[in-house]
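Should a chain be cited, it is by its letter among A, B, C, D and E, assigned in written order, with residues numbered from 1 in that chain.
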């Protein structure tokens, strides 16, 4: 084995919401490519974009929103590899008796939305606009997880989150689909970076994510195919 | 002239060199931020309604939280330093816990206890009709929770360094322990209390994770500057930096003027 | 009045009286009230109505001299203005009314001590505890404050415990003297009696007497240091013999007077108006400058003391 | 027996009541967290490789950051308290800035200056081949940046409360200012230094925003416990709480034992 | 030797000498070396080779007594063991070798002061500055330490400045006495000369003399207080007249002796062996207990002083 090339590392900067799926895919990729290590840096997409701009040694960037991808001038032809759809999340037992998007206009319910500045907030805005509803939120959360936490703890009666998040939350949260969700789909772009130290294997990893196996893992987590 | 001051011109290099390094370490990143700020937009940004509101809310909440910290924290520090309570070591270590807790988890912990379904929050709601999450009061609570350890630990350190015999002198003059505390002990540890207050206020002003988790984020009600900064960072990093600079400038101005009045020099 | 050498436990005793140090054993009672009696009773310091002047003053550094003095009155509920007026009176009484606005840090040592004195006196306590209240005062102020203090102590309904190294204070101010040495009470009594009949070398030293221990057989006492002296009184058995150093005279030739013995000089100390000569056997002689001029201290001398100068007591 | 202690049983209610409230305020949320922790999985979690690694990294980095804080911060505090420097008020206020800065912005500021493209970072890279961002050293830098103000301000408060005349006494004995500082001043303000050190260490241990921004989130290299908690929140909130509890328990244990040795009682 | 009442500026003067308080004006020179001369020269305290005993000791609270004393030696580079051995020797010299391991907080006041003394002496400084070094010591220790100190001072190549309120110290320890009152030097000279010919009421008080100001015309001096006295010397113009209180006697009937005047008692003070009577015009008389018994102090009395007891000087 001393004759083998030293193990090469692929450094993947991925949105925090991809933690579970990418960790699984990374392990499978390593198994399929002996001698290659996949290192992840999971954080908010905007923080990752900032780090890449400041010269972080990344090979691959998978963002939760096209906007963050655009901040990275180094990105070469990003492609969408997954989509995420909104869903209404309510605490177990649905104490607010929420049935659809109309509940978000109810002053008497405690409602959480994501802030407009983050992808799920932008998507929620689109969906609500499509449904013609003026929402009366009590809080505009920093990200999906924060909104979901408030649902889990029963602090709000309903929140608009991603389907993947409802799925991950398990039994504590119930998800309610609504028709306008399809109007507010969030795209996840991925790319190999221009200055990637290990471009070849980075490309291989991106291909693996976009392979059928990749799609299957993503679908299992609640993502839809592009 | 200054060469004739006692000890002046004699600051030893072994202290001055690390001090300068330390200062550079703290200040250079700020210089970096300032260099990236688009000063042209600065005044308009400062005057925009949302920023003004967030800034006002930040200052008000941080100040109220500091008041809470002082009112509850100074007695706690005194009991820790002077009271002969069992398990003091453990209590003292427990006080530092909110520091170690990732703020978001701190917010979750607050929700668990003071939220709608929490044991204390439920009581508050049923008895007084008070609900803390998603209100300005909730911001104050979250900030106080995160900032109080700074006050308690600073003040306790100061109390431990103070001579307890002066309190004894007050007792022989007929002062109750409360009077002795108020009129003798407290003034004598003022530098420590001021240090703790400054730390608490600054920490409360910069608080983000616990606030957004416990109190949420609603403009005019719970959106403090750090929340505004965080969200701006998502879409417009330039704006986020400018907002941070606003926060910094205001806090430095407040501290430079206040500390001067309190501690002199 | 408590008198004792450094580290004897005087401050410790005062702290116990003030309630700052609970007793392990024994008791403290005042006029039938129990202040401290282990294992049950313990009256807190602030309920004891004591006034304490601490050896290192313990002034409140962040208050002016006036506020320091007014503190005890304020603690007892006196209105601010009354308290300040009375505090001012006390500062005037100890002679530093003009320093009233200064912080302790800006006072000289003696001024600080006077503030501490005024602070303790201002509350007009039932018991006044004074730890070296005159130590940092200059001689002139000391006279003045001692006189002032004496007047207040006489006016006092309660009692005063004053700790001092200074036998002059002890004599001038005390009704009853307790001498502590090394944690033990070694002598008690009215000051005049203690001064006349010291029972330990420390006390004899303080009151300026030579104290000798000897064995009497009629009017002849054989001292432990080997000298035989004739006394006016007749005694038997172990007794103390005391005499003032000024009663001992030194000569180059042996005189025919009684109580003459041969000795030599082991030390000389210059005092303001006399010279103290330390002789063998721990005996001292005080000589006037005129006498000194005639003596050569480097050779053996003859010492004499008149029998009438010797006090004897059991 | 205890009733006979000086001042014992006499802790005034006006101090004890707020002290107890304060303690409850700090400790109840933790109780809430503990109540939600699934203790059955706790030991296995504590023993899992990733958690062990993150915990070790957290402790090492926080301790190193604290060392940096002490080495640079104590001299800075001394210069602020004793040196007769111009613009002292401003400098003192500037030192608190990293407290006010939302940590994420602090991380950005660090990237701006110490990043590959930053002025100082570029120099470090060219001259020494050292690159801080995205390395364990970067974690230490980020934590030290956030934690140092606590040390500086606590120690400065303690120094201001200490009697400078004792330093003068040392000078008359022939001690240089450095020796007087080391052997006389520093030991006499030890309670303040300990308080500041505890605050810094705890703050560094809980640091999240600046770390993830400046050093990234690389398991085994920069993923400290708070970052692990953040990731766990994405996948398994229960696990996140359990991880926080692990962090808490370890930090309380460390503090309870260390402070005991340093400050006694 | 600096003598002066409380708040006179003694401590301030010492601080200037030690380099802890830069001068505004004037200069400090030692053996031709300039230590402080505004606006340019200022030698830092640690370069001055001074040893200071502070009035409130300023011991290092976190070090043992031994470490306190060893500190100055360590600062000058003495190896640890040597420093400790020498520190121990110094502690023994001031009589508290057995307290070497205690922290200052656990020492009594007098013990602390002795540690401070040992600490200052241990560095064998060129100039020794002592602010009330004997104040907290008990009478016996004071004698011992004073003797010890006197010995060291004599051995000293450099000079010593000792601040005291105690004229006995001033007389016993000083070569040259400087009296400061209210920030001003009021008298300087060898102690014996100052003691014999005091020039201010403060000094007269200290050395235990009555000091009177008068106008001489031959051997008759008309005092400012109105009494005419006959002196042995003949003078003209304004002069000082001094006499010891013990030279003044009091009688119920007017004697025919010269220098007799009618007066009354304004105050009485009890001392160890005599009683001091304060008379009109600021004159004091010391009486033996035996004499006291025969006097009624409440009525006007006749005072007499022998012309030989009167010192006159310009």
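Keep in mind that, in the parts below, a contact is a pair of C-beta atoms (placed from the backbone, for glycine too) under 8 Å apart; a residue touches a chain by one contact, two chains touch by 3 or more.
Because the structure is predicted, anything quoted here is derived from the model rather than measured.
A.B. asks: Going by the touch criterion stated earlier, list every chain that contacts chain C and also contacts chain D.
C.D. replies: The shared contacts of chain C and chain D, listed by label, come to B, E.
A.B. asks: Which chains are joined by the largest number of contacting C-beta pairs?
C.D. replies: B-D
A.B. asks: Could you put a whole-Å number on the gap between the CA centroids of chain A and chain B?
C.D. replies: Those two chain centres are 34 Å apart.
A.B. asks: Report the inter-centroid distance (CA atoms only) between chain B and chain C in whole Å.
C.D. replies: 55
A.B. asks: At what distance in angstrom does the C-alpha mean of chain C lie from that of chain A?
C.D. replies: Distance between chain centres, rounded to whole Å: 87 Å.
A.B. asks: Multi-chain contacts only, two chains or more: what residues does chain E have there?
C.D. replies: 19-20, 44-45
A.B. asks: If you look at chain B, which of its residues touch at least two other chains?
C.D. replies: Residue numbers touching two or more other chains: 5-7, 10, 104, 108, 112, 168, 171, 176, 188, 190, 230, 233, 237.
A.B. asks: When you check chain A against every other chain, which residues touch at least two of them?
C.D. replies: Within chain A, residues 47, 50, 149 contact more than one other chain.
A.B. asks: What residues on chain C touch chain E, complex-wise?
C.D. replies: Touching chain E from chain C are residues 4-8, 10-11, 55-56, 96, 99, 107-111, 114, 131-132, 135-143, 146-147, 165-168, 171-172, 195, 202, 205-208, 244, 267, 269-273.
A.B. asks: Along chain B, where are the residues that touch chain A in the complex?
C.D. replies: The contact residues of chain B facing chain A are 104, 108, 111-112, 115-117, 133-134, 212-213, 215-219, 222-223, 227, 230-235, 237.
A.B. asks: For the complex, which residues does chain A have touching chain B?
C.D. replies: These residues of chain A touch chain B: 44, 46-47, 50, 67-68, 71, 110, 112, 115, 117-118, 137-142, 146, 149-150, 153-155.
A.B. asks: Name, in rising order, each residue of chain E that touches chain D in their complex.
C.D. replies: 18-20, 44-46, 48-52, 54, 58, 60-63, 71-72, 74-76, 119-120, 123, 129
A.B. asks: Using the touch definition from the top, list the residues of chain D that touch chain E in their complex.
C.D. replies: Chain D residues touching chain E: 163, 165-166, 168-176, 179, 183-184, 187-188, 190.
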